[in-house]
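A, B, C and D label the chains in the order they appear, each numbered from 1.
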Amino acid sequence: MSGAAASPIPAGVRCADDWITHARARLDPDVYAWLAGGAARTFLDNRMAFDRRRLLPRMLADVAGGDTRVELFGDLLAHPFLLAPVGHQTLLHPEGELASARGAAAMGAGMVAATLSGFRLEDIAACGVAPLWFQLYWQPRREDTLALVRRAEAVGCRALVLTVDLPIAPPQLSERIAGRLPRIPANLAGMAPSPSFTAMPGGPGPLQSPLLAAAPRWDDVAWLEAQTRLPLLLKGVLHPDDARRALALGLDGLIVSNHGARTVDRTVASLDALPAVAAAVAGRVPVLFDGGIHDGSEALIARALGADAVLIGRAAMYALAVAGAPGVAHVLHLLRTELEMAMALVGCGRWLEAGPGILFSD
Amino acid sequence: MSGAAASPIPAGVRCADDWITHARARLDPDVYAWLAGGAARTFLDNRMAFDRRRLLPRMLADVAGGDTRVELFGDLLAHPFLLAPVGHQTLLHPEGELASARGAAAMGAGMVAATLSGFRLEDIAACGVAPLWFQLYWQPRREDTLALVRRAEAVGCRALVLTVDLPIAPPQLSERIAGRLPRIPANLAGMAPSPSFTAMPGGPGPLQSPLLAAAPRWDDVAWLEAQTRLPLLLKGVLHPDDARRALALGLDGLIVSNHGARTVDRTVASLDALPAVAAAVAGRVPVLFDGGIHDGSEALIARALGADAVLIGRAAMYALAVAGAPGVAHVLHLLRTELEMAMALVGCGRWLEAGPGILFSD
Amino acid sequence: MSGAAASPIPAGVRCADDWITHARARLDPDVYAWLAGGAARTFLDNRMAFDRRRLLPRMLADVAGGDTRVELFGDLLAHPFLLAPVGHQTLLHPEGELASARGAAAMGAGMVAATLSGFRLEDIAACGVAPLWFQLYWQPRREDTLALVRRAEAVGCRALVLTVDLPIAPPQLSERIAGRLPRIPANLAGMAPSPSFTAMPGGPGPLQSPLLAAAPRWDDVAWLEAQTRLPLLLKGVLHPDDARRALALGLDGLIVSNHGARTVDRTVASLDALPAVAAAVAGRVPVLFDGGIHDGSEALIARALGADAVLIGRAAMYALAVAGAPGVAHVLHLLRTELEMAMALVGCGRWLEAGPGILFSD
Amino acid sequence: MSGAAASPIPAGVRCADDWITHARARLDPDVYAWLAGGAARTFLDNRMAFDRRRLLPRMLADVAGGDTRVELFGDLLAHPFLLAPVGHQTLLHPEGELASARGAAAMGAGMVAATLSGFRLEDIAACGVAPLWFQLYWQPRREDTLALVRRAEAVGCRALVLTVDLPIAPPQLSERIAGRLPRIPANLAGMAPSPSFTAMPGGPGPLQSPLLAAAPRWDDVAWLEAQTRLPLLLKGVLHPDDARRALALGLDGLIVSNHGARTVDRTVASLDALPAVAAAVAGRVPVLFDGGIHDGSEALIARALGADAVLIGRAAMYALAVAGAPGVAHVLHLLRTELEMAMALVGCGRWLEAGPGILFSD
């Protein structure tokens, strides 16, 4: 299977954004709105943050034979792209996360499987993607959280990603697909359901909601860290003080993310928050970046600002919606090719060698 | 009564701005223009000043059980929203200020009743809103000003707000509704009328107008301060030197406001002026903010820049125009919910604990 | 005569810009293009330079009874507006400069009559405008320049304004009206004609053109200064070093101007150049500002940045084109009223007392 | 031959950009897209970089009799414009590079002939353009590179320009014209073909491509420098460290260029990169600028930021496409005239005397 197979890739798709039109034409409008939507200012900011940066080319550098390899937790990745955890992928394509996993595997990319996947983690793991990581949503009962960890260990996941951004989110996007979801997510069968909450004029506000009471705190993370030998990453870190605290607690990696600009508007752009977090980490653990990447040169910009690897969310999902596994592979191939072009431009043959000096500054 | 009552809230109203379309459809064009209008650059600036700020989220913070309470002049408010003084509300809805007061009361919000209300202050006070404050326009005769103060004291107002911004304003907005107003405002029956003034080519300019001669000055404020035991606030403060002078005079609070961008164009945005005023006050008296807030996260931004509470003007008036008291309550409910979401995002469970650190800075 | 006379002022004209639509409807398209045109970036910059500034209001200030008077070269002006020198005004209205002079006189405004006026200076002077200044274009023969000076002295002009900006300008605007002009301008009858120049591929460029050879230099200015007792101002100063040199030479005043953005594109905005020029002059001679003012608050901004008075060009010409003298008076009345409103806002009752402190700065 | 000849120049063409509409109407859409296209952000940036600069005029300066002459490698040019190396000009006009050479010759402009010209270098040289430089693409075999150098020497080229920007470029533009090109470029008959490369999902990425393996490096430049007595310039320098290294190696000149924004998007604008490169060179060798100039005042801005001369690419090609040699001459005439106007404005009669002081800075 390959993105180069003629049929699944629509004619004229030359970059990741070209998939959007096709996805919009194919998806139900509510599903498309759920996938493509976000808080307007932050959504735009996630892209404009890249557009404010400029590459400063070098000439005559010896980059031939370079590559984009990066090692993460003992695994050597051919390139720094991993599929971001996106739930409910069966809304986009009948094969959902299985297709994503196969597309990633075809391109040697890693994948972070979501707690809210349309398929069970065990089924995703069977698709052969490597490395496979598991994104964990904290469950109301510790034994359920632990059960998820054990399953991730059992299927050979190479890392756990605990999502710790906004513990209670505006419903604007999730309600678009509410009626299309199974009553119980595939991975959570038999577990205690998460509390539901809708703010009512007479009732408690979000700060008093049971959702917030059930949200994890630093001591929960400390407990979780002690339960598993898998590397544990926190996803949603944007403040350098949180990064420092995570390091002090022994966390194994951080993912800078604003949840795809899907929470409160005017949240800082992921890329703008990256440098301070990376500076706080100072190379002691891997820092991954998640936030609007849709072309390979943006990955290089994220690298210049401190990212060790990057997650691909919507950009892969549009292709999944249209073309399944070959679509996902095709997008990853595009990103990688664009990344290598950009590396050649700035005279940098090795991914991890790219630093702030490749960016122009006045 | 509640904003959640199905009928009065139009379908699809999800945020304060959603009320605008409905209000525009229902109101007479001149009344809508009077309500929605303003000096173009400053009006835009009042909103853009928020859009230039970004929230910097924190993770894993212990915010469950937090709340938005704030104490002002001995009253404990459930949240920091008060209805701003807006005159002539009967142009918007037959129940006018009475409906606003009932909507505020339903949500536990305070209200600042305007001198130019469509109803008498006594009638507004009877609606049970708490705290009720009274906005005072300086009257040509001191005894009339004093009479207004005594009435405010008599009905149990908890504070007086003296509006001290532009003493003479461009007529562009007020003339839209001139023909619809009673000859004598309800609260001013029996008092000396304010002088009228229209600049004519052959005549005196605004600086020579009787309106300006009748405008209050610092010594008038000192006199007023001595007439009442009620807390006295000045509304319209934008310069830190004025804030310092007000403190030296013993004023009890300040409201940073540019009169809703309804005076001279290119007046500074309220939010841009807030930090310097708050720094000058340094916590000695409450600083309130008034200037374009239409979602709850903006209130949090104003708090981060020094506001102790915020006034809601147009955002509540659009809902009043469409749905009366339930509309006003609904908007306040939205704002409060959005505020709590934003507080959860930045890991801040208490309103007054939010400081500049919740904003991203390069 | 007054702008308040009902008939000459079109309904709905509330600010200077409102005249533009009416002028465009009435004027020949080539004449309108000549009047309204300019180098695109600088034209926009002249306006945006104001839009980047914000007024910082003061409250409770004692401004009643203030005024906008300013003394210039022994004349007390009721307000700081003078009509800028604009040539060929008979293209706009049959009474041309005579109507402008009458409109200015009605409002107590000064006027700078242009060398290239449609009427002779003597006829303009007969209209009773005061003070009347004369704008001088350097003539190929010194005796012709001197003859113009003598005529200005004879009719009671109170100052001379030598235009010293771009000595050779792009023809884009002037060629729009070339066919409509008299062979010899009214004021230049009997004088040596200025050389003409069109750059041709095979021929000399602008630097080698006879126009440039005939342009005045610093020693010409020194000569001119010695020929007359009238105050001599230079118009077109944008560089502080030129301002210093002019002072050293004994010049009596400077006009910061980029010729209405009518020369080379990307010339700096007049307002952006003003502060450095004013700083170099340091109050030793009057500094006037010319550059896009179309509302009274902009005059106040120019004052805050160092201008002692301001020239009104296009803003008055649109009204002239539509309504003759009453139109010109109406625009001046609007500007003055807006200026006084803005002065009241910033708590400044005297024109010359307005300094940089009335502008907001971060 | 002259741009002033009535027939070849379309009516209404007043500036270089006016040619674009005519060129678009005449050219095949693919050829137009190839010529006009570029990476969107950088393409816009190349223009916006000029639009962020402002000229600061001087008055009364003695610029009459000035000129725009500049000496480069022993040749005295009447003005600082050279035609940039653009390949495949026969796609634009049947006479291609021959017409460009004749147009440049008519205006006394220099020309850099491209390796990928539609005509052989010998034929271009026969058109009498002076100085003629040769743009060299590094060939897979050193002997072929050397053969090109020898031919350039033989026809009297006065300098060699080695293009060293992106060694491997995105195919978006080149594939628009792929089917229209001869199998072997005119100048490369008998030489080893360059390797071809298309990234395929299963295959090597750009960093592993044979194209990159064949790209020149610093030691190749050192070798080339030793093979010829002609001045050798590097084209594509954007980083000051590369400029320093080139000087250390004995290079004779540098051309700051981002290849017309035709490579990776978000490459820095040429003009933004110019000052640091010029500062690194510090006048030791000529620095030329290439990057979006389409009016003469932009050349002056580039001069103020450090350029000794400038290359004209697309601006001349649009005119070539429409009107052949007279079109090229016409554009050069426009640019020169505009340049001299701008020099007169800033009071600078000599090209090389224009420094940073002619630009406004806050």
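Assume a residue touches a chain if its C-beta (ideal position, glycine included) is under 8 Å from a C-beta of that chain, and two chains touch if they have at least 3 such contacts.
This structure is a prediction, so every number in the text was calculated from the model and none was measured.
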Rotational angle, Cα trace of chain B fitted to chain C, multiple of 5°: 90
Interface numbering overlap (same over half, different under half) for chain A and chain D: different
Cα-centroid distance, chain A relative to chain B, in whole angstrom: 43
Where chain C touches two or more other chains at once, by residue number: none
Full enumeration of touching chain pairs: A-B, A-D, B-C, C-D
Residues on chain A engaged by chain D in the complex (per definition of touch): 2-4, 14, 50-51, 53-68, 106-107, 295, 297, 301, 329-330, 333, 336-338, 340-345, 349, 360, 362
Chain A to chain B touching residues, read off their complex: 41-42, 45, 164-170, 172, 199-202, 205-208, 212-213, 215-218, 220-221, 234, 236-239, 241-242, 258, 263-269, 272-273
